[in-house]
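There are structures below to look over.
The following pair of complexes shares a single chain, chain A, combined with chain B in the former and chain C in the latter.
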Partner chain A sequence: MTFWKQALEIARVDMVVERRAGETLRIVLPFSVVALMVFPLALGLQLNIVSVVGIGVFWALGILFGMQVALRQSATDTAERRDLQALAGVDPAARFAGRVLSGGVLMAGFLGLMLLATAILFDPNVPRGGWPVLLVSTVLVAIGLTELGTLAGEVTTGLRARTPLASLIVAPLALPLVIGASQAVQALERDTSILPWVLLLIASDLALAVAGVALARPLEEATR
Partner chain B sequence: METIAHLSNTGVTLGGRPVLAGVDLTVIAGDCIGVAGPNGSGKTTLVRTLATLQSIESGAAKVLGVDVRDRGLSGVRRQIGLIGHQPSLIPELTLAENLEHLARLAGSGTDRVGNALEVVGLGGASDRRVEACSFGMRRRVEIAHILLVKPRLLLLDEAASGLDEAAGELVAAMLRSVRGRGGAAVMVSHDRAHLGAHCETIFQLESGRLVAAV
Partner chain C sequence: MRRVRILMGVAAIAVAIGLWFALTAPPDALQGEYARLLGIHPPAMWLAFLAFGVTALGSIMWLINRADRWDRLASASVEIGVIFTAIGLFTGMVWGQAVWGTPWDWQDPRLMSTAVMFFVYLGYLALRNAIDDPTVRARRSAILGVVAVIQVPLVYFSVNLFRTLHQTQSIRPDGSTMPDEMLTAMLVNMVAFTILYIALMAARLDVARAEAEAKPETSLAGDAVRPPLLNEIEDV
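Our next item is the complex of A and B:
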């Protein structure tokens, strides 16, 4: 079976499992929207401040809860299942690619809904032409965050403190994504080019994809 | 007779602790070898070494003619069937979906899945989710998976624990089938009587050493 057929099969099954388990849609998303609602209340309903901080809060909570999506239980293989996949001839790099495909779709959907909730709850100050840039940035952040989460999940496979440890790995490495995404919108306000920031996001996504594929097999061997 | 697997002075260390030490074992086509031992004696590590899933520290290990230290093991691994002591199915998928998923990953067809489930007595439960199935049913699904894979080396790690008499007979039939095709089987268990029912040769594993043939 080819690399992409294995990757697509893993992504397909991930989506089926997620649809039935509902971890992202029924647990992480409602919780993150509640967290979004807390901010305006904590700011004492000062609408001008709420509008100013809206996008910043979106990125902060998006990254925080996005890690929960990337490290969701339904995307975690037990040691026994990994053994079975190895015996079926699954390429670890194909598993990484499959996980990024399914996780990327989920993450983009999750962040898209978070953005919608932010628009409703915060009425954020977004410069003219800012929403399309925000949408593009959201998709690029979704891809990068999923790659990071999948990679961190592989690194911490089998560890008891997997979820907090993986989050600890993801948080600092997600900085280029947060900077790129937030500065792309800021660049519109400053009337400067958004291209460097979009390129930063694309370069981060590509670098993480290469790292994930290249490290998949050594990481798998290291856990044996 | 063809050598299916050969371990020579094989040592495995996990977390700084030697789990297998100086193990010598040769598995010939047609063999059914039993390995008995108490908990923590290294039985699962021995099975994983034979499955090429465990890196070895010392000595040599060859499975189906390939050194387990080699990188290109996927061809060999497809000829190995493993039933571990923990069921490895995806709980949210149905019994049939689990088998179809594994078949697709291996690049083989899914048309024999229904028949394999029929053979293990689960034809009427193929659309039931694994999370709603008993331990024994999950075990039967794993036996169905072995029927689909048709391995040359079958490894059973406490595979018969928790099985009723009918499922025990399925295990026996599976062993006969593998041996009849010129393959071999290695069973590990803490239950020597169970091994005695299936295997002609039984070794004892204690503290990572194969100490005696019974």
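Our next item is the complex of A and C:
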């Protein structure tokens, strides 16, 4: 089996498990929409402020709840499953790539639905031509956040405080993604080029992909 | 132990000399006495970068040859690096309040990236604290140690990459932008802080070695109790 066939098979199995468990669509997504609804109430229903901070709230909550998607239980391998994959000769790098593929699709879908909810609930101030930029940024953030979450999830596999610990690792490292995504839209408002911010997002995604593939084998050993 | 005492003594003398240079340098025309923070703030951040670089080196070496000493080196260096990052952040905020009129500027990438680096390494320490098995702890923290060091060049070059309130590097390939007295004070303090780092590392590594040797004899609460084996259970 080639590298990509292994990766696609891992991704397919992940998606099947997620379809059965429904962690992202049935739990994390409704929770994040509730959080979006709480925010205007906390601001005292000042609708002008809600429109101004709308996209910022989307990115903040998107990163926080996106971590829950990246660290979802259905993407956590049991020790037995890991042993089985190792015996079957699955390349650890292919496992990382597969997990990022499935997680990235889920994350992009999750963030896309959250963006839709933000657009409906917050009616955010978005500059002309801002929505396509937001969509591109969302996809790039989804990829980076999934890569980060997969790395942090592997490093914290089997630990008692896995979720808060992995979040502590992911949240600060996700900051280049938040900065790149938020500044890309702000650049449109300032009438400056969005290219440096999109490049920052692409560079972060690539650096994390390289780190994930290069460290896949030590990570495989680390979780035994 | 004697080696650590000697190193600590040398470090204390070096830091005292560094402080003397910082306190006797002339005040800045614009910043006044606050310019003396040059003797603490840049050396503290230099030490943090050095410490996290040593952590990455220790982590890579552990991944290559799996010797415990590299894991001890990496973790000891993070502890010192985190403390000096906190000192760097605090002194930077004091300086910012005096010069920019605010201790924290959300648009300043140097401040933000330094704070992020601080939290990433706090996460590293939390990860180590959460794992009991020494080999598993060493493996996982080595991986995080390698990934986390990406922050260091980001923090250092953030002032060149983005528009920022923070000044760019004062020492450049074409010379220094500072008067000689200030430059001397900063460089002497950088050397003094480096000696302090070596002394603190020596002390922490001694403690880490002692901890590793003591571990096999350490018993946990409840170790004396074990569940009965099947052949010990009598039918009732």
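Just a few scattered comments:
As a convention for this text, the second predicted complex is superposed on the first by the 222 of 224 C-alpha atoms of A that agree within 3 Å, B and C clash if a C-alpha of one lies under 4 Å from a C-alpha of the other, contacts with A are read in each partner's own complex, and residues count from 1 in each chain.
FYI, contacts are C-beta pairs under 8 Å (C-beta built on N, C-alpha and C of every residue); 3 or more make two chains touch, one makes a residue touch a chain.
As the structure is a computational prediction, the values presented were derived from the model and not from experiment.
After overlaying the two complexes on the shared chain, residue contacts for A:Ala42 are found with neither chain B nor chain C. Once the two complexes are laid over each other on the shared chain, residue contacts for A:Thr156 go to chain C alone; chain B is not touched.
Using the contact criterion defined above for the overlaid structures, shared-chain residue A:Leu173 touches chain C, although it does not reach chain B. When the shared chain is aligned, chain B comes close enough to touch A:Thr78, but chain C does not.
Once the two complexes are overlaid on the shared chain, A:Glu221 sits against chain B and chain C alike.
Contact with chain B, but none with chain C, is seen for A:Leu87 once the two complexes are overlaid on the shared chain.
Residues 221 of chain A lie in contact with chain B in one complex and with chain C in the other. Across the complex, chain C is touched by residues 151, 155-156, 159-161, 165, 168-169, 171-173, 175-176, 179, 207, 211, 215, 218-219, 221-222 of chain A. On the chain B side of its complex with chain A, the touching residues are 48, 51, 53-55, 74-75, 77-78, 80-82, 84, 86-90, 92-93, 97, 101-102, 104-107, 129.
Residues of chain C touching chain A in their complex: 63, 109, 112-113, 116-117, 119-120, 122-124, 126-127, 130-131, 136, 139-140, 142-144, 146-148, 150-151, 154. By the touch criterion stated above, chain A contacts chain B in their complex at residues 1, 5-6, 9-10, 13, 16-17, 20-21, 74, 78, 80-81, 83-91, 221, 224.
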